[in-house]
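The chains carry the letters A, B, C and D, assigned in the order they are written, with residues numbered from 1 in each.
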């Protein structure tokens, strides 16, 4: 059995499930109460769970995350929503210097089971301060786990997994996906953090993509199939820790790999995936250089045509993939 | 002619020079006045230039950087010191969402000629919140320039270049280097941002390293030379924008490359260098897989032995380099 | 109402009408799918920027917010270039890169709208620092919302500006809500201006829908700043008639409340007072409104005719060219 | 002095001596090269934590600072495990990973020292949120320095804690300086406690070198919090005899000032009062000091005998194991 649901609804359902099952779970953030969340993710949650467990905060990202850290240290299971992932910039100290390191710094005396949800990505015309994809920052922080759900099921399953994890987990959702509908199972499975997913099977080329670029890569794979190119799309889902084995196995099989991210190219997450592949034992199996297809190295512009040009679209993936297969 | 000077003294001299030459230059930061700076970098600058141009602030990193942005927008040339680069976490919004993007977002109407100095690195026993190497975050930000001086001359020359640049530049100094003495020229040349430096010439292996790991790599190269291995050490100096040509030329010649950074490995800056190399036309010239030697994926520990083990030391570089040359 | 000259009154009324009609035009264009992104309208708040900027002089600066059309227009910006920017055109203030949330007119001292709540507050303090260090009697007006008072950036900026007696007026546009968080709930003080005492500076609350009252109170604060006596926190009580942005369902406030504030329309009220005090006649009032309407029509025409920006120029616009690059 | 029981007095005096002698021992070990890193000594400030924590109960929590030995000892931590930690041993509280700046004793409610100025303040608010949501009458004591008052984190935490009436006592240890910045210059108020009015909460200043006065004032604040009436800002005026840390040349204060405060030694003063009020005899006073000295000797022995931590266990200590990992 399955049903249809938007990504936003899936996030909401997962939060509701968790709050129902575990009284330690609660949610804090800006406008998550009666407003229903800036993207409508929370909707009526505050009515269902009350303002004690769905807490509207002041506009104080550093303070909110810090309170999440404190509550988590005391055994609660807070979910903190950062309205746009761009505003994690305000909270980096609490995310990185506190949440991520506390367990280590105190020699294991305490954990910080904190879940931070923050939507990233461009495509809404919100320009440079509301459209970034900042996963590379978080992926570089020892002590954090980082997930990037690319569809409704994962949005729920990864969130449930994050809430079961004794470590701080940052969930980078995607603004454009919120309104998109997906087939979902009747009951959401709890994912395993660190386990990737093979989205399509293929033999000519591996595409590793994250977040909305997974959707675009699957679209591209369909088009490429018509051109006789068989693509295996891998979604790591958790970008820290990374399911390296799944990627290497696929690359070993196909011999070619295209890495697709929305974030600006230079210093982005896919550089790590590229380095991981070329450093590994599959280096010898590579029939072509590892190639990245990424956002342009610009702040996200307001103009819709420029904005579209700034990040990989389906046709860009098709072209990059085809040229990789055809040239090598 | 040349003279001897510590890295800290070189930074101080460059600041003094700039303040003497250009009245728009001034310095703000925590304890940069009578205290002389947490690492003694400023020393007597406040006596020489007065408290108006060497300004002691409250402990407010976000505010200080923000004031730097405002002053820069109005045509001043502020230098903002962040006492430890770890505390850039407090100021990420002003660094990334404001300073780096403003020129772009306002369509070129204004620039932000702001210089942010911040010491990074481990080795002082200051533990996880005072020892990070966070260059990967900044290198990923379009609109920022990022430099990492590895000796006294560069500490001065890159700073002078940063002060001439119309864009925001973050200068990541190294705490352990501050007290180290170097031969320096009588007059500091003004570097060109984006231009790397070949520190040693060699034929068997290229090492690309940053900051203190340049010093360690040069030490390692000496030891390796005794073992008959000829190493070319490249210091990019500016890590954004990167002098790709210099690196590729060297790799094409040697066919082998070891990338050395102090920062934790996963998602670190050298992943970008690795990906840049394997994506490039020198891919075919590689005789061995590109290899990284990085910090362990841990917060920096307090215990001195663990701390030493957490980042690449000279002997680690020797071993990694030798095995790369000998195995391939 | 305080007596005012016919000329001042005419200008003020025309600017208020320009703001109102500009935003109504924007709303209309958006509704017809001709404008994208999001928008934050200040309809109902027009008296604050127009009153506050009466004292604005050459060399003064202002920082603005996400709800910044009024600040921009009252600051003297060109309506055509503003509209072009919102229409994402190359002849817009930001060449289509910034949009409404980053609109700026640096030539008139408007350092820019800001997508980051509180983002402009330290920047304003920095602009004021520059004004002070250069020995001018210029001031900076820092527009910010009630919601931004919860941000650390706000606190740090007030701390630094008060410590250094900087010539800045922190002008809090208290429109009663952040996005949905009532200011009365967020801050346990009766008036936000009371928070001034924590910084040892004067604080004053004014009826933000009374243009002449705003001009008077801000005028005092500006004079104090020009005399070198430091910052003031002014709170202007006002109200936004529209929702926070397009996603707002207005669940957090009542229709009655909105109606009550519409009755206090700052434009109607000013016009009424001017008529009553015989400063302007009904025909003159009508002519002013008609002129403003024509201004906006012209602006729409200008904007609509603008060219589309190009990807190439966007790529070239991330960094300001260095002196050497300019030469080359 | 307020009357106190012999038992309370004995405990308090012994703890103050433990703190003083612990830090003198640490200073000595450091001087002899047996301890590394940096250190922040609270000698001269002992009455604040000991007085404040008189009201500490099971289930209460505290957050501490970089100058946290006193908080830890007064909270009831084991001196041997503390000393072992500072000696970077595996039997230390943090297994040698954290050192002085991250010392914690989570079992007694001490959530940890913090290397980040202001870092613990939102965490304290979060701990108090947990206490409140669980319906307990527990409280959190948030120790913080005067310098941290300049941080955005402090402001955001006070904003949120006051909005939600959280059971937290913000205890500002005003030792007159940040590192070198005088509190009197940094904050344009006579007493930091005046800042409480900005958050609509009570503020009180107390002589921090008078143990019983601290106990009384903090006691009132704790009772208020337990009753559910929300936070209080308490400012305890005190002084650090030593420099900020080992890099401090004490240029920013005079010898006379230091001498003046040494005359107000909180330990000598308390002992004197107890003698005068005939609570304890001179022999009893001497015995208490001697007992504390023996406690510290034992702690040094315990610490010195600790084992060296291993790299393997450090690597395993970055993430807390998930339930599945624990099972496996």
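We take it that a contact is a pair of C-beta atoms (placed from the backbone, for glycine too) under 8 Å apart; a residue touches a chain by one contact, two chains touch by 3 or more.
Treat the numbers as computed from the prediction; the structure is a model and nothing was measured.
Asks: Report which interface contains more C-beta contacts, comparing B-C against B-D.
Replies: B-C
Asks: Tell me, please, which chain's centre (mean of its C-alpha atoms) is farthest from the centre of chain A?
Replies: The most remote chain is D.
Asks: Compute the distance, rounded to whole Å, between the mean C-alpha positions of chain B and chain C.
Replies: Each chain reduced to its C-alpha mean, chain B and chain C end up 40 Å apart.
Asks: How far is the middle of chain B from the middle of chain D, if each middle is the mean of its Cα atoms, in Å?
Replies: 36
Asks: I'd like to verify one number: the distance from the centre of chain C to the centre of chain D, where each centre is the average of its C-alpha atoms, in whole angstrom.
Replies: Measuring from centre to centre gives 45 Å for this pair.
Asks: How many angstrom lie between the CA centroids of chain A and chain B, rounded to a whole number?
Replies: That pair's centroid distance is 30 Å.
Asks: Two or more other chains touching the same residue: where does that happen in chain D?
Replies: Chain D, residues with two or more chain partners: 94, 96-98, 102, 114-116, 119, 150-153, 156, 159, 163, 186-187, 317-318.
Asks: What residues in chain B touch two or more of the other chains?
Replies: Chain B, residues with two or more chain partners: 57-58, 60, 62-63, 86-87, 90, 93, 97, 104-105, 127-129, 142-143, 297-299, 301.
Asks: Given the complex with chain D, which residues does chain A contribute to the contact?
Replies: Residues of chain A touching chain D: 26, 52, 55, 57-58, 60, 62-76, 78, 93-94, 97-98, 102-111, 142-143, 145, 164-167, 192-193.
Asks: Which stretch or stretches of chain C touch chain A in the complex?
Replies: 36-38, 88-89, 94, 96-99, 101-102, 114-119, 147-148, 150-153, 178-181, 186-187, 247-249, 251-252, 308-309, 311, 314-315, 317-318
Asks: In the complex of these two chains, what residues of chain C are touching chain B?
Replies: Chain C residues touching chain B: 61, 63, 85, 92-98, 102, 104-107, 111-112, 114-116, 119, 121-131, 133, 140, 152-153, 155-157, 159-160, 163-164, 317-324.
Asks: Note which residues of chain C are touching chain D in the complex, please.
Replies: Residues 150-156, 159, 162-163, 185-189, 194-195, 197-201 of chain C touch chain D in their complex.
Asks: Chain C touches which residues of chain A in the complex?
Replies: 30-31, 33-36, 38-40, 56-60, 62-63, 86-87, 90, 124-130, 296-299, 301-306, 309-310
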